[in-house]
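Below is the structure I would like to discuss, written out as structure tokens.
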Amino acid sequence: MLSRRAALPWVLAALAGLMLAIALLSVSLGAIRIPPERVLAVLTGGGSDPALARDALVVLNIRLPRTLLGLMIGAGLAVSGALMQGLFRNPLADPALVGVSSGAGLAAACIIVLGDRLLAHFGLPGPLPYLVLPAGAFVGGLGATLILYGLATRSGRTAVATMLLAGIALGALSGALTGLLTYASDDRQLRDLTFWSLGSLGGATWGKVAASAPLILPVLLAVPFLGRGLNALVLGEAEAFHLGIPVERLKRTCIVLVAIAVGASVAGAGVIGFVGLVVPHALRLAIGPEHRLLLPASALLGGAFLVLADVVARLVAAPAELPIGIVTALVGAPVFLWLLLGRARVAADA
Amino acid sequence: MPEPTLLRARDLTVTVAGRDLVRDVSLSVAAGSLQVIVGPNGAGKSTLLRLLCGELRPTSGQVAYGGEAVERIPAWRLAAMRAVLPQAARLAFPFAAADVARIGLDGIGRGLKARDRDAILARALDRADVAHLATRAYPTLSGGEQARVQFARVLCQMEAGRTVADGQVLFLDEPTASLDLNHQGALLEAAAALAASGVAVVAILHDLNLAAAYADTLLVLEAGRLVATGRPADVLRDDLIARVFGVRWPVGKIPGPDQPFILPHRTVAGWQQN
Amino acid sequence: MTPSPAWSRRFLLAAAAATALAPRGGAAKADPAPAGRIAALGGAVTEILYRLGAGPRIVAVDTTSLYPPEALREKPNVGYLRALSAEGLLACGPDLVIAAEGAGPPAVLAQLREAGLRVETVTEPPNPEGVLDKIAVIGRLAGLDREAGSLAAEVRARFAEVAKRRARIETPARAILVLSLQGGRTVVGGTGSTADGMLALAGITNAAAGVAGFKPMTDEAIVAAAPDAVVMMQNGPEPPKPETVFAPDSALGRTPAAAQGRLIAMDGLYLLGFGPRTPQAATELMRAIYPGLPGE
């Protein structure tokens, strides 16, 4: 294996290039045919030209915010996956383990199914303002994480194994409650809930980008500083402590960052699976487990992967769109199986 | 000239669920000494080690490094003053052996120049006899090879810490468990060489003969209490061995003409390689 | 991930696959449609536009536009009414979007408006006045007031006949309208739902008046409701079979309807869409429930 320090800039540059290329692809392709030179013209400031007006609108108001949201959410999910895999010292860990997805899902189900009823109960006019759903999902995600953290932390020490088990229990509980709400829902609410849980970048506006950026971007910026600590944590919590790493603070930081990034992602685009699991796992197989490289690389590849999935979601059934959660699962699941088989083969040969 | 005391422990007691894992243990560790803790399983050896390295808080009693209470020392500074070689460590991720060793430098060696770090790493890999395994993936190594890579990591940490701290303590938790005889000898020789250079070494060993060969001071634990301290020759007596370890094997008696015995021999400098 | 009912996920996957595989018409070929290209979102909206003769002007429909059949066959499909694609809709090049209420997500409608597209929503109260208003509004939006006027008159006359028939009912029957039996839930149409409106139109008492909207009904409630007849959707070529619906150990199987085997199956959009064919649907329903009712 190459010296990591030498490989670092090349790998990151390559991934950044890939991400930019896919972002450009995403802005250039869509249900409406816009030739590349006009896309370029719009992007380089030709937005005020009346001849380009409609193209400018599509590129700048529909495709560009969607691409940016996809990059941020993809990066946030992939980085969260890498953090979770480092925290649990298990390459099969997933951001959902920290409870965010279950909490957000339950909150969303409550809002979708009970929202109008609550309004009627208080005599307020409907419908519910549509910001309530993403805000509620975010709060629900954070709340679930807080509960899990509280259950697993005694006198300042967080037992990661307890968190895993409690997360499974909490996930089952919120799944049951969501199921109850599903059962009590009417036809329209059921469809809304189902679509929400399949994930979609549709309806991405600059407003959504502006709402998600202050949550996800700081997480992405903070993450490289955790690389050293996560490397040491791989040796074990005691060993990391012996090496001088503030272990409890590191665990807490990881959990908080994941809760915020995944909470914002779920609030913005519903539940999107597999990105957090497959992207860091695959990267680790390709470039090694050094976290100072893996964390930024996950962000870049995660963003690229999600935006690419969105392009597919938008084109495959044009003029309709597939929910993006379907595409990431359809691609992610086989890739994941293939990776697992690779591991099994290596383990069998070893 | 008496060596400075690097670490002092006073009346350490750890009570968990009504049971005393360690009871009223006091000891002091001087620079350049090689102390070995022995005792049967469940005697509290690992617990005592964890207390001494600051990982575990005692129910009562105190551990102090250079006069400072260990709880008051921030983790990063403590890492310069002491290093711990754990028992077998499996890693979940396929780090290369050299990368695992390099982790020892990441924390405390952050301020060093890259060239210095590389030099320390190379030296450590050589001393642990794992330089030829540098690019191999750690999970594919044998238990013994993994243990030596961990030793290289610890050596890295110590050398990096030397720039910050005055005296250092090296803790070894059953380091010879999965090692071949030659590597057992090599590791303890390396530990003895470190002691000769001023590091204080505290090791848990299972093998009484290894302990007898290498320890300057032997500490015998039984059911959480320190029942004997002193030079191996003074401490290892028939009655103690019978009482603590439950065997009637006499000390210093050759078993019989038909039973050969192979005992470790400490050499003064360097070490035996195969 | 939050678990969803398996059938619902399968439905959506199938719908997604169907929209992917469905032949695309309209937007791809050179379209000689006259000015005033309309995107029709909502089953009743599409039906009314076709009846007004605006079919050739429609450039996009949604997945609920099931009547006439050529709508989904020939026109580009922009997806489910409540999960539309902004760029997809824009790609079809409409000048006007006529959407049934509940179209969404709201962000997409906002993006369409920002693009300068005129987006008009049509409310759908489940009663005769609602149908007539819908025809008038859609006619006005499409610039076809004259045609809308005649269609409205025709529909109004038919509603009047339905009302006359209804007046001859001596004892109203009790029925429930079952939307689906999937996943072990019996989803019925309660008060305020289109089912409720249709049953009222046909002079039938809604035995599921205990629930509001389309909700699942518990087994005890179904037995307590004791409907004389069960009305169900027929969404495929095969009508639901009485043996399945009135299975002996199911709640529906223990109703008076089961004893008499009275299961009426009708097409979903026809029965509940509250479009121009509503009076015919009501008449058919009345004939099925009140076989002895004298005609005109």
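We call the chains A, B and C, going by the order they appear; numbering starts again at 1 in every chain.
In the analysis below, contacts are C-beta pairs under 8 Å (C-beta built on N, C-alpha and C of every residue); 3 or more make two chains touch, one makes a residue touch a chain.
A quick note: this is a predicted structure, and the numbers were derived from the prediction, not measured.
K.L.:
Select the category (line, ring, star, complete, other) that matches the graph of chains linked by touching.
P.N.:
Topology of touching chains reads as a line.
K.L.:
Averaging the CA atoms per chain, pick out the one whose centre lands closest to the mean of every protein CA shown.
P.N.:
A
K.L.:
Comparing centres built from CA atoms, which chain ends up most distant from chain A?
P.N.:
Chain B.
K.L.:
Give, as an integer number of Å, the spacing between the C-alpha centres of chain B and chain A.
P.N.:
About 44 Å, centre to centre.
K.L.:
Can you work out the whole-Å distance between the CA centroids of chain A and chain C?
P.N.:
Computed value for the inter-centroid distance: 37 Å.
K.L.:
Provide the C-alpha centroid distance between chain B and chain C, rounded to the nearest whole angstrom.
P.N.:
Measuring from centre to centre gives 78 Å for this pair.
K.L.:
So which bits of chain C are touching at least two other chains?
P.N.:
none
K.L.:
Taking the touch rule as given, give the residues of chain A at its contact with chain B in the complex, in rising order.
P.N.:
These residues of chain A touch chain B: 1, 4-5, 89-91, 228, 231-232, 234-236, 238-239, 241-247, 284, 288-290, 350.
K.L.:
Going by the contact rule set out above, which residues of chain A touch chain C in the complex?
P.N.:
30-33, 54, 57-58, 61-63, 96, 101-102, 105-106, 108-109, 130, 174-175, 178-179, 182-184, 186-188, 190-195, 197-198, 200, 202-205, 208, 271, 273, 314, 316-323, 325-326
K.L.:
So in the complex, the part of chain C that touches chain A is made up of which residues?
P.N.:
1-5, 8-9, 12-13, 16, 19-20, 27, 60, 63, 76-80, 82-92, 102, 105-108, 110-111, 114-116, 179, 185, 187, 213-216
K.L.:
Would you pull the chain B residues touching chain A in the complex into a rising list?
P.N.:
The contact residues of chain B facing chain A are 50, 53, 55, 75-80, 82-84, 86, 89, 91-96, 99-100, 103-104, 106-108, 110, 114, 135, 140, 153, 157.
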